Structures are given as C-alpha cells and as structure tokens.
Amino acid sequence: MRSAEETREALGKRFPAIEVRPVDPAPNVTVHADALRENLAWLRDELAFDFLVFMTALDRPADDAVELVYRLFSHESRASVVVRVRLPRDGARVPTVSDIFRTAEWHERETAEMFGVEFAGHPDPRKLLLPDDLDGHPLRKDFSHPNLVRLPEAP
Amino acid sequence: MGLMNGLDPRSLVLRMPGGNVLISSLDAAINASRSNSLWTLTFGLACCAIEMMAAGASTYDWARFGFEVPSASPRRADMMIVAGTVVRKMVPVIRTLYEQMPEPKYVVAMGGCAISGGPYVYDSYTIVRGVDEIVPVDIYIPGCPPRPEALLHGLMALQERIRGQSVRIAPAGQA
Amino acid sequence: MKENVTFGDRDKNVTFGDRDETSPPATSDEFLLNIGPQHPATHGVLRVVVTMDGEVVKDIVPHVGYVHRGLEKLFENRTYEQIIPFTDRTDYLSAIANNFAYVMGVERLLGLEVPEKVQYMRVLMAELNRIASHLLWLAAYGLDMGAFTPFLYAFRDREEIVSMIEEASGGRLTTNYFRVGGFVHDLPREFFPRLRKFISRFGKAVNELDTLLVENAIFVARTRGVGVIGRGRAVSYGMTGPCLRASNASFDVRRDLPYSVYPLFDFEIPVGRNGDTWDRSWVRIEEMRQSLVILRQAMEGFPEGDHKARAPRNIEPPAGEVYSAVEGPRGETGFYIVSDGTRKPYRVKMRKPSFSNFSALPEILRGLKIADLVAVMGSLDLVVPEIDR
Amino acid sequence: MEYGTILVFLAVAMLLGMTALGVNHLLMPFRPNPVKNATYECGNVPVGDAQIRYNVRFYIFALLYVVFAVEAAFLFPWAVVYRRIAGMLPLGEAVVFLGILVLALAYAWRKGALKWD
C-alpha cells in the first residue's frame, strides 16, 4: 500500500516543475504533447494512478493556446495528480490515451468536438454530443451560433 | 355510471319502469369514450418525466382519469406528453413520432422547456424554444417541473376540450 | 461472394436451393436493432444500435446527445449564484448531490467556513436524496424487468421523502435549496418528527422491497452472472458508485475523499464480489440501509446554529481552480471550476458518473442476449442529462 | 335438422362484424402519409431490410409453441364437458393426453431444441 507522501515524493523526483495552484491541493504537472502517453502510462503503472477522473480542455484565446487537463486519482494511495498539456489553439494535436484509460475514449471525443483538439489514433473519432449539422467548436470563447442568444447583462 | 357525467347536457334520459332509455348524439358517445381512455406515448426527455411517473404511481394515480396505459409505441398512443427539454438533435425524432401516431392525436407540452425552452432559452446553441415549433400543441402545462396535480389538471383540461369536438369537423390541430 | 438473394428477386435464375461447395454455410444474417431515443428501456433519450446475430448481441454502438443543452457553455455566461438551479437539472434524481458538490467547490474557492449546523443539514438532505434516487431506480428497474408491483411500493416510500424535501426546500425534484455558505432557509419545525417517523417505518419497507425485487427468484435468475465487469476494467472505464463497488472495488468519496462532516459518522460501504447485474442491485439496497444509519447518527448529533454563513452579497472568488466531488447516488459527481476573479466562472466542467458508467456498456454486453441488454442497462442506473449535459 | 338457425346465427355474426367495421370506417379520421406508413423504429429512419434470413432456432421455438398452444386449445372443450361426465374416465384421458405431450417436451429438451447457443 503506497501512501500519499511516497507518491508525492516519487512525483517530485520525476517531474521537477511541480506546482500547486491556488485552492486545489492536487499537484499539477505540465508535460509536452509527445511525452503525454509515456507519462500517463508511467503514472498508471508505477504510481498506481489507475483512475482517470476526467479529461477536459481550457480555451485560452489570450495567449493563443488550448490547455488539456487530465485529472488522475489513485485508489491505492488516495492521492490525486493533474497532468496538463499546452497546445497551440489552431491545429492542436495530441496522441490518444484511450487505450491506457478506456474512459478517455468518450472524454476525448467530447473534447475534440467542443474545442477542436485532434486526438491522433482515436479508435472512433465521431461526434459524441453535438448534432451533425452543427459545425464549429461550441466551448471556444469566440464561438457564435444563430441559435445561441446571450443572456442580456443585468442593468 | 361514469359515462353519465361525460355526456354533453343535450342528451336525454327517460326514466322508464324496468330501466332507463338514454338518447344522445353520436358525438357525445364518441367523445366520452375518447376522452376517458387517452393512452399516453411514454416520451420522457428530462426532469418532467419523473413527475409524469409520479403522476402514474399510486399517490396521484392518473389511472382514475383513464390514462391507464402508457404505450411505448406511437401506433396505440392517443396523446404525446412532451416532458422535458427539446433539442435540435431530437427534432426529426419528435416529428416522425408525431406523424406515426394515428388520428385523433393530441400533444401536451409539459414543463417550461417544452413550452418555450425554459431555463435554457439563453446561451444554449442546441435548444428548441418550445415544442410547438415542431408539432401542433393542444395543452401547455407550465412548471419546472410541474407538480403531478398540475399535470392532472392539464390532462383534465384536454379531456374537456375533447368533449367539445365533433366527428363532422376536423378536431382542432388535426390539419 | 454470397449473392444477397432476397425474396423480391423473382427474375434472378438462382434458386434458393442452388448450393455448391463454394457458397458459405447457411448462416443467419446479422441485423441492426435500433433501440432508439424513444424507448421504455432507455430511461430517457439514449439510442443504442445493436448488431444482432439471432438472439445474441454481437456489437453495440451507443448514440448520445439527444438532450445535450450545452450547459458548460451556458455556465460561462452566468454568475455563480445563477448556476445553482442548473446543477439540479443536470441530474434531477440527485439534485441535492449536485448542489452540494457545486456549492462546496465555490466555498473552497472563497475559502469560506460553513457553520456545523449547515454541514449536518447537508448530510441529512444528501442521504434522503440518495434513498429517493435508489427508490426510483428500483421502480424503473422493476418496470424494465416486467415487475409492476415494486414500482408502486417504491413510489409510495419515495413520495414520503420527496414531500419532506419539498417541505424543506420548496421543490420536489429540482430543489435549488443550497446556497454558497448555507441554505435558503432553515429546516421547518415538523421536519424532524416526520423524519423520525419515516426512518422507523422505512427500515421494514426496505426489506419488503428487497424481497419483492432483488431477492425474487426470477430476478436473480436473470441477473446472477449476467453483465459481469471486472474491477480493473471498471476502473479503467472510470466507473464509480454502486456500479464500481459491485465489482469488488471499495471506493466511496464519502470515506476516501472525506468532505463535510461525513468522517464523524461510521457506516459501512457495501461491496459486491463478482461485479454482475445482481451485485449492482444488491449494493444499492444495502446503501439505502446504510443511509438510514447515517440519518440516525446525523439526527442525534444535530447542533444548534444558524443555517447560513455570512457569504458576500456578490460572489467574486479570486482567480484559481478547484475540483470538488461528492458521492452521488450514481457515483462520483464533481465540479471542476476555474475562476478568473470575475463574477462568472471561466470554465465549469461537470464530472458526471452516468457518462463513464454508460461508456462501459458495449464491453459488458458483447456476447450476451438481447433480454440481458435491458437488464444491464437498468442496473447501470443511467440518467441521460448527466451523459449529455 | 334445423339448419335454418345455424344460417341465422352465421348471418347475425357476419352482420355484427360488418357493422362494427363499417361504422368505424365511416367515422374514423383517415389521413395516411408516407411517414405514418413507414415502419416504426423508435423515431428514426428505418435501417436495413426486414426480409433477412433469421436464425433457425426461432423456427424450432415457434414449432414447440404451436404444439403446446394446440394442446391447450384441446383442453378447453374437455374442461367444459368434464363436470357432466361422471367417473374417472375423463381425468384418465386428460392425463394420457398430457403425458404424451410432456414426453414430447422431454424429448425436445434432451435433443437440445431448447438450448439457444
């Protein structure tokens, strides 16, 4: 049974640039897109982070980037870790991890259609939630659509 | 006898020794039978579906009014209760189901979402602002979700409307 | 190449009996069965396209999105208080669990301490809501399996809980009862006598429901050993809640990521052994009994105090992010909120259990029969707006 | 032999059936359209063709069902006249009749007709 402290030390050794952001206690690790698969597999096999809680993206138009967020949890040590990947906003490409974590298959499909991130090697890259005739990526900040009427600001 | 209060007032009841004779119009008989046995198409989309189930359970029990049989297939359904949020991906399905229901058919828009898009009117790119953009609606039941009593009240209003219909002229909404 | 001879092709000279060694063995064609958005077994608007070989399911392709309202986009244009009623409506069976997770997240962003009485009230409401949600699952599952009686008995008990919740919050289903820092108003005076009466009566009612459905011989025959998913695969699919605990994985957010005052109560976490459909049902029945235990302890230790902390009038949390999760009736319900210092969140990601639980369906069902599809889908206790959001 | 009454009986039966359908046909709103006549597939556009070659086991199950349905049909007249005939003879006949069919079921079960996969 690996304890949370041991896990944090092991993380510290492998990822020098660990940071803890305000309010959320889980350590944040930023990796490069090419090293994503290898790091996630390592986290799952070595440190028993067997549960991908969720995977989503943050659209940062200010610095022309989209940031992927993978949050992992370990049933064994009850520790959490957040893996982040920064990608250029247009033409963002990252390898799929749906074979490492099966739940990633649907999370990636949703993130792909909502943010326009392409997941290379995804087994079933169809749209998940959006109707087929809706093009564009809704969760991007600059998304506009005739059916989308914004709530008027309070006076 | 349940049928009695369902008939329209013009029908005549002759009290005779050894039994009564009832003289009424064909419309009254048909409307009484139609309004007292409306079969609903089970069509729960979101939260209102749970209140619809509660209306079907023993506490509120819409079987007292004749809505005994929730039929899953549109072929045997008289009434489609649209209970929940209607989104654009669902539009062709609702349209097809409505077409596949035999006349005379009625549509009840239950809850804010079905009436006008409800809380999702603003800032939703897939919302349909009211199911009456897709199918002709007979009864609107406001609420989010409406209480089972409100649903029953709406359905009784529908029964009242059916009693006023006639076979000669096409019922309202059956273009 | 097998020529697809259909009855319509009268002009073809190939007669049906014309077989030679090159033609493949006479097999039955696979056909597509579409269990579409409007179907009693799908508990809402799910669509599952099943490739069938006779009675056996060869492959399943789920289609979702028929109730996708785009909530995460909507949240980006709402203030923190305006989001609370929407959290009810993403999972209307456990509106309180969603309120709980979201409001706790915002309180952590604000660094706001909540009075102990509010914590106790939240646990009370959460456990009541869990029982109500499990009762509705039992009712719907009974209908799927062809047993109408559990539906009526389960709803009789559920109406009792729902009217109690309505008395406290004003809403039967979509309660909108939680606020950042506490509650809209305090518990009504006659809430505790009613709760005490309910707890004493419900202990017996759970056994009655248990024998009515879960211990029923036909139900056991249809669910024992059907739709098995192992512990490793369940975790890999991100399953949580009763579906995960049925596969021999003892994980419950109330105990493993403790929040609110749950550490003060002691209750067991029911864990099934072999992850089949029956275990998923048994775990939910046991959870209802454990919820009663928690309710009793929460009532005894109920402190005095006011029902709301002094939250700021306009909530503007500092820039930062938080992930707050709660053990909802269906599993881990969490909100990942990223704030940028303004009155509206920069991004809110809702982690909903049915999304992951449902994604495991194709793997569970491959090779089972069509009747098992209905049984397995019912045992996953799906709420569709949780999948579509 | 009074065949007349049978004729009247048949005539009334036919009449009853025809009037029921006739009135219905006159009064019902009849508005067919292509979507209404399409096959119902949970609200979607029907996919695939229904005329496919089904698994042969469906046929075997159907046969077994027909056997036992006919058996039940034969029991009805027996049950109606059972009370009027004294003694154990009718009971014996029914037991023999049912025994043969139970034997048939056992044989089918043994040969694996009821096993699906």
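Chains: A, B, C and D, in written order; residue numbering restarts at 1 for each.
Criterion: a residue touches a chain if its C-beta (ideal position, glycine included) is under 8 Å from a C-beta of that chain, and two chains touch if they have at least 3 such contacts.
What you see is a predicted model; the values in this text were computed from it and never measured.
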Hey, which pair has more contacts between C-betas, B-D or B-C?
B-C
For chain B and chain D, what's the span in angstrom between their mean Cα positions?
34
Distance in whole angstrom between the CA centres of chain A and chain D is 59
Dist(centroid_CA(chain B), centroid_CA(chain C)) in Å evaluates to 30
In whole angstrom, how far does the Cα centroid of chain C sit from the Cα centroid of chain D?
42
Overlap residues in chain B, where contacts from two or more other chains coincide
87, 89, 93, 97, 122-127
Which residues belonging to chain C are in contact with no fewer than two other chains?
36-39, 65, 68, 70, 73, 77-78
Among all residues of chain D, which ones touch two or more of the remaining chains?
42-44
Chain-level touch network, classified as line, ring, star, complete or other
other
In the complex, the residues of chain C that touch chain D are 6-8, 26-29, 31-32, 34-39, 47, 49, 53-56, 369
In their complex, what parts of chain A are in touch with chain C?
21-24, 26, 50-54, 56, 58-59, 69, 71, 75, 78, 80, 101-103, 105-106, 114, 127-131, 138-139, 141, 143, 148, 150-151
Sites on chain B touched by chain C in the complex:
41-47, 49-51, 53-54, 57-59, 72, 84-85, 87, 89-90, 93, 97, 119-120, 122-127, 144-145, 147
Which chain D residues qualify as touching chain B in the complex?
27-31, 33, 35-36, 38, 40, 42-45
Name, in rising order, each residue of chain B that touches chain D in their complex.
26, 30, 73-75, 92-97, 99-100, 102-104, 167, 170-171, 174
